[in-house]
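In the two assemblies presented below, chain A is common to both, partnered first by chain B and then by chain C.
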Partner chain A sequence: MFIQTLVTGLAIGGIYALMAVGYSLVFSVLNFSNFAYGSIIMLGAYAGYYILTQMGQPLFVAVLAAIIGSAILAYANEKIAYSSLRRRNASSLYFMISAMGTAIFLENLVYATIGSRFYAFPEVLTRQNLNVLGTSLGILDAFAIVFSSVAIYGLHWFLQNSKMGIAIRAASYDMQVSQINGVNINRLIGLVFLLAGALAGISGVFLGMKYMVYPTMGWITNKAYIAAVIGGLGSLPGAVVGGLLLGVLETFVSAYISSAIRDVFSFSLLVVLLLVMPSGLFGKYLEEKV
Partner chain B sequence: MFEYFSGVLTFSLIYVIATVGLAVFTGFTGLFSLGHAAFVAIGAYTSGILTYFYQVNFWLALVAGGVMSGLVGVIIGYPTLKAKLRSDYFAIATLGFGEAVRVLLENLDITQGARGLPGIALETDLPTVLVVTIIVLWVARNFIHSRYGRAAIAVREDFTAAEMMGINLFTIRMRSLVFSAVTAGLAGGLFAHYVSFIQPSMFTGALSTQLTAGVVAGGMGSLTGPALAAIVFVAVPEALRVASMWRLVAYGFLLVAIMVFRPQGLFGHQEISWNTWRNLWKRVRSCGTKPC
Partner chain C sequence: MKSKWIALAILAVFALTLVGCGGAKQEDVIKIGHAVALTGDSSMWGIAEKNALEMEIAKINAAGGVLGKKLQLIAYDTRADATEAVNVTKRLVSQDKVAAIIGPGQSGVAIAMSSVTEPGKVPMIGTTPTNPKVTVDDKTNQVRKYSFRTCFIDPFQGTVAAQFATKELKAKTAAVVYDVGSDYSSWLGKYFIEEFTKQGGTIANNEAFRSGELDFRAILGKVKQANPDVIFIPTMQKEAALVMKQARDLGITAKFLGGDGWGSPDLITLGGSAVEGSYFVNLASLDDPDIQKWIADYKAKYNQEPVLPNPVMAVDGLLAVVDAIKKANSADPVKIAEQLEKTKDLPVLTGKLTIDPKTHNPLNKPAVMQEVKGGKFVFKSKVVTQ
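Here is the complex of A and B:
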């Protein structure tokens, strides 16, 4: 029971970590909360579902399509809703409102065109169980853990070793100075949104398989915000640790106390954490700039 | 036909009350609340439960709903504002607060969970709402023109400078948060007694964002702008019978468009007053004699 809960928690935590990393990536460079991220995850899930069921493609094609679709969408989102604000040096309040507008727009566009129906992914992976050390382990959970760690490790490798990755890390410290040193900031931010969108696509497909696909599923990114706050906003290792921690804690709360209290627990944790340690475990806390 | 229009008007005025409250907070202190639906819900449930289970007088219950929202506003505002959370952090904290309240309402016994409270007495009508709207607008106007309101504007423009001038950041932000919580609670109470059925799913993040949309579209720093925007957002689609789904699509689109093209909102810092109309009339008249 204990190990099984732990593994389920890690699987959910892995998906939270993916979302939190995508969200933190944008936060670390642009310093604002991208509330549109949830709807991009949702559309990624729809894309994956459509490719898998309507076009009858295998799973990996669906995941790939979701990744590409979400990445393009996130890129377009940046170009349309944020780039003009960026040029105007607007405060993060305006960015957040613009992001919120995008979220409302995309979510309700899906409502109005596709409808509010819940779609279940075909049971390719959900039904099978692996038997490891006497506990039965859902193959979907195992798959989610493996896939999210591979994706996060890939991103980490990219940020550590590639030229663009180093530029992204530099920009997250100081955008102006890195610009002076010859970083093309527009291209860099476009890349950041492409990467975040790719992560959104993966997490969208896994969320869809774990739960279902429906227009308001983007609200689950609230959990990604909590995970990011636990780890420290803008810190990528923090987002990973925060996501895993939140997933495990939540699963234990719902397994041992009550599943109804789970969300209340998470949101209270968020509010308490913001008060006690707003910089989270690994983050840098920025006072409002003067 | 008259009944239909008065219904639409009542509904939009309830929105106006909540939006004006939020305008005092977001527009005049520069902080961004994403959990205002929670205050509306608290007001709705408090006054609904009081009249439904305890047969309290409607007006008393309405005031109790407002007071309860204000109290919760103090509880959530005291630590977050004391800690001087950055704007993103404050927005995420209010987001979490709003969701926590909704989940609590879904799991409490007295609120009857997700089933909601049916059959709340129908007490709200157009004159009632009109009276409350006028009172709220009047109080909000006086608040903004008072010393506190001017201090709030100073805080919004540059809080470091304002603090140096001896303005207590915390008190100013707290006052406007409590004010907006109380008005949201009043709107909730009126809403509960108007539709006579409330359930937690009515008070989701979507409602919070709709309220914020009104404030942003109307103009951050104006009272009449958001009020007008709230009426336009609720009344026009209702009267034109556009499907409610597309209304929200338009909300989102408008928010992005306003941020990109006119970030100060449609009215900016301007208020709609008699002078506005007089100036407009002058401009129209002068068009005939000289190029405008």
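Here is the complex of A and C:
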């Protein structure tokens, strides 16, 4: 039972981590909570579902389409909702309000056009189990963990080694100085949103396959925000660790204490952690920034 | 010069407002309020309710209306949220001055709404709020004077489910997985447990989760260890489908049993093969021979099947209100409530409606036992309360 709970927790945490990384990426550069991220994930899930079931394409194509679709949406989101605020040097509060508005708009757009019904992905991958150390791990979960790790590692590699990646990291320290040094901030921010959107597409398809697809599914990103704060806002390794930690903790609380007070625990952890370590587990540079 | 224009503009606005007021005043209609979830997780039932009421009202109006007046439906979205519902109820009672309110479908929402309808003295006829507290105030044990419903109540539903588990499924042990954030779910679970233990069964697990939960595997791990014969899941279709799916993934072989919250085709599309062979108590069935003509009409008009049971419960409520208006010979909400209490053997969609004046619950309301078989809800048996 202990190992089963741990495996289940890691599988849930993997998805939290994936969402938290995309969210943290935007935070690290623009320094605001992009609450529209959940809606982008939701639309990614719808796109994947549509390609898979209505157009009869294989899973690989559906995931790819969700990635591309969400990336474009996230990019458009930035251009429409944030770029004009950015040009006017608005404070991050306005960005957050704009993000919330976008989230509510997109959610209601889906209600009005597609409707409020729940959709489930076909049961191809979901009904098979792997045996790991005498516990059952869903093949989908295993796949999600591997795929998330690859995506997160790929992003990490890109940020560390590519020219654009270095520019993103530079901008996350100080946007103005990097601009003075010749970084095209508009292009850079566009790229950040494309990358975060791509991660949202992957998260959406996995969430949809694991649970189901519906207009308010984006609210699960609340957990990604907590994971990102636990890990240290803006820190990508922090987001991964925070996500896994939160997933495992929640599962243990549900299994050994009660599922009903699970969120009490996660939020208490958040409060206690912020009291002890105000910048999260890996959030060193945020202090430097201040 | 400028101030003159401003004064003129203000005058014009006033004049327009007066004209507007005059135009909106319509003495020749009887307004029927409808407080319903038109968006959100419960909206598929809400929209079906609204469709059904519009269809029925069009029929009544075509036949000359009630007391020579046309009926007008005013439907507001509650999003199945108590706060939102209280707001729209205030609007229906004080602004629109409706004769009666049909809905809501959720127990918690109905209890919240009664804080407006009771002092406002407007009858509210719930469609599917099955918790006893909806019509009877549990603090004073007095019936709420303006709260009614057309559905059976949870103690009955819990009893039916528990007896079905012990007698038909021959279950000795049961697990309950319920939503602690929902009055409907937690009380239905409680009534099931009471009857199941009374029948000699043992409750192996009683597991709570929070509303909005998506992953149940942590609690299902515990259920798997206890290995019960049956798992009772008194939730809405979304949670039920997820619980069943994840339980089967974990290798749990117990039979599944649920309440009327399952009665949406979504249960099957979401749960897939995991929900096959599960049973649930429902208020109405698409196979019911009494409502075949109505279903055909609905399909012809909206090009889809009604999502039962809410639309038929809403039509039952509307027919009860129309009958009360006729008997009271008035559209005064207080008089309508007085007549509603006396409703006896009124022919409605689901049979004959008699309201118990002591509890404002319908008497002799049948429950339908349904099985999920071959991706469809199959009628299993019918049970009537006494």
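Everything that follows uses one rule, which is that the second predicted complex is superposed on the first by the 276 of 290 C-alpha atoms of A that agree within 3 Å, B and C clash if a C-alpha of one lies under 4 Å from a C-alpha of the other, contacts with A are read in each partner's own complex, and residues count from 1 in each chain.
In this section, a contact is a pair of C-beta atoms (placed from the backbone, for glycine too) under 8 Å apart; a residue touches a chain by one contact, two chains touch by 3 or more.
Computed from a predicted structure; not experimentally measured.
Asks: Quick one: chain B and chain C on chain A, clash or fit?
Replies: Taken together on chain A, chain C would clash with chain B, as the superposition shows.
Asks: Taking the superposition as given, does A:120 touch the first partner, chain B, the second, chain C, both, or neither?
Replies: In the superposition, A:120 touches chain C alone.
Asks: For A:103 in the superposed arrangement: first (chain B), second (chain C), both or neither?
Replies: After superposition on chain A, A:103 lies in contact with chain B alone.
Asks: With the two structures laid over each other on chain A, which partner does A:4 touch: chain B (first), chain C (second), both, or neither?
Replies: Touch status of A:4: second partner only.
Asks: Which of the two partners, first being chain B and second being chain C, lies in contact with A:219: first, second, both, or neither?
Replies: It touches chain B and chain C both.
Asks: Go through the superposed model and pick first if A:260 touches only chain B, second if only chain C, both, or neither.
Replies: both
Asks: Please work out whether A:149 is in contact with chain B alone, chain C alone, both, or neither, and reply first, second, both or neither.
Replies: Neither partner.
Asks: Examine A:32 and indicate which partner it touches, taking first as chain B and second as chain C; both and neither are also allowed.
Replies: The answer is first: A:32 touches chain B but not chain C.
Asks: When the two structures are overlaid on chain A, which partner does A:111 contact: first (chain B), second (chain C), both, or neither?
Replies: both
Asks: Which partner, chain B or chain C, is in contact with more residues of chain A?
Replies: B
Asks: Which of the two partners, first being chain B and second being chain C, lies in contact with A:186: first, second, both, or neither?
Replies: neither
Asks: Hey, which part of chain C ends up inside chain B in the overlay, 78-86, 150-158 or 276-284?
Replies: In the superposed model, chain C runs into chain B at 78-86.
Asks: Can you list the residues of chain A that meet both chain B and chain C?
Replies: In chain A, positions 108, 111, 219, 260, 263 sit in both the chain B and chain C interfaces.
Asks: List the residues on chain C that touch chain A in their complex, please.
Replies: Touching chain A from chain C are residues 39-41, 43-44, 180, 207-210, 212-219, 221-222, 225, 237-238, 241-242, 245, 248-251, 266, 269-273.
Asks: Along chain B, where are the residues that touch chain A in the complex?
Replies: On the chain B side, the touching residues are 30, 32, 34, 76, 79-80, 83-89, 91-93, 95-97, 99-100, 103-104, 106-107, 159-160, 205-206, 209, 212-213, 216, 243, 245-246, 248-249, 251-260, 263.
Asks: Write out the stretch or stretches of chain A touching chain C in their complex.
Replies: 1, 4-5, 8-9, 12, 108, 111, 116-120, 123, 126-127, 129, 136, 138, 210-212, 214, 216, 219-220, 250-252, 254-255, 258-260, 262-263
Asks: For chain A, which residues are in contact with chain B within the complex?
Replies: 27, 31-33, 80-81, 84-85, 88, 90-94, 96-98, 100-109, 111-112, 219, 222, 225-226, 229, 233, 260-261, 263-264, 267-268, 270-271, 274-275, 278, 286-288, 290
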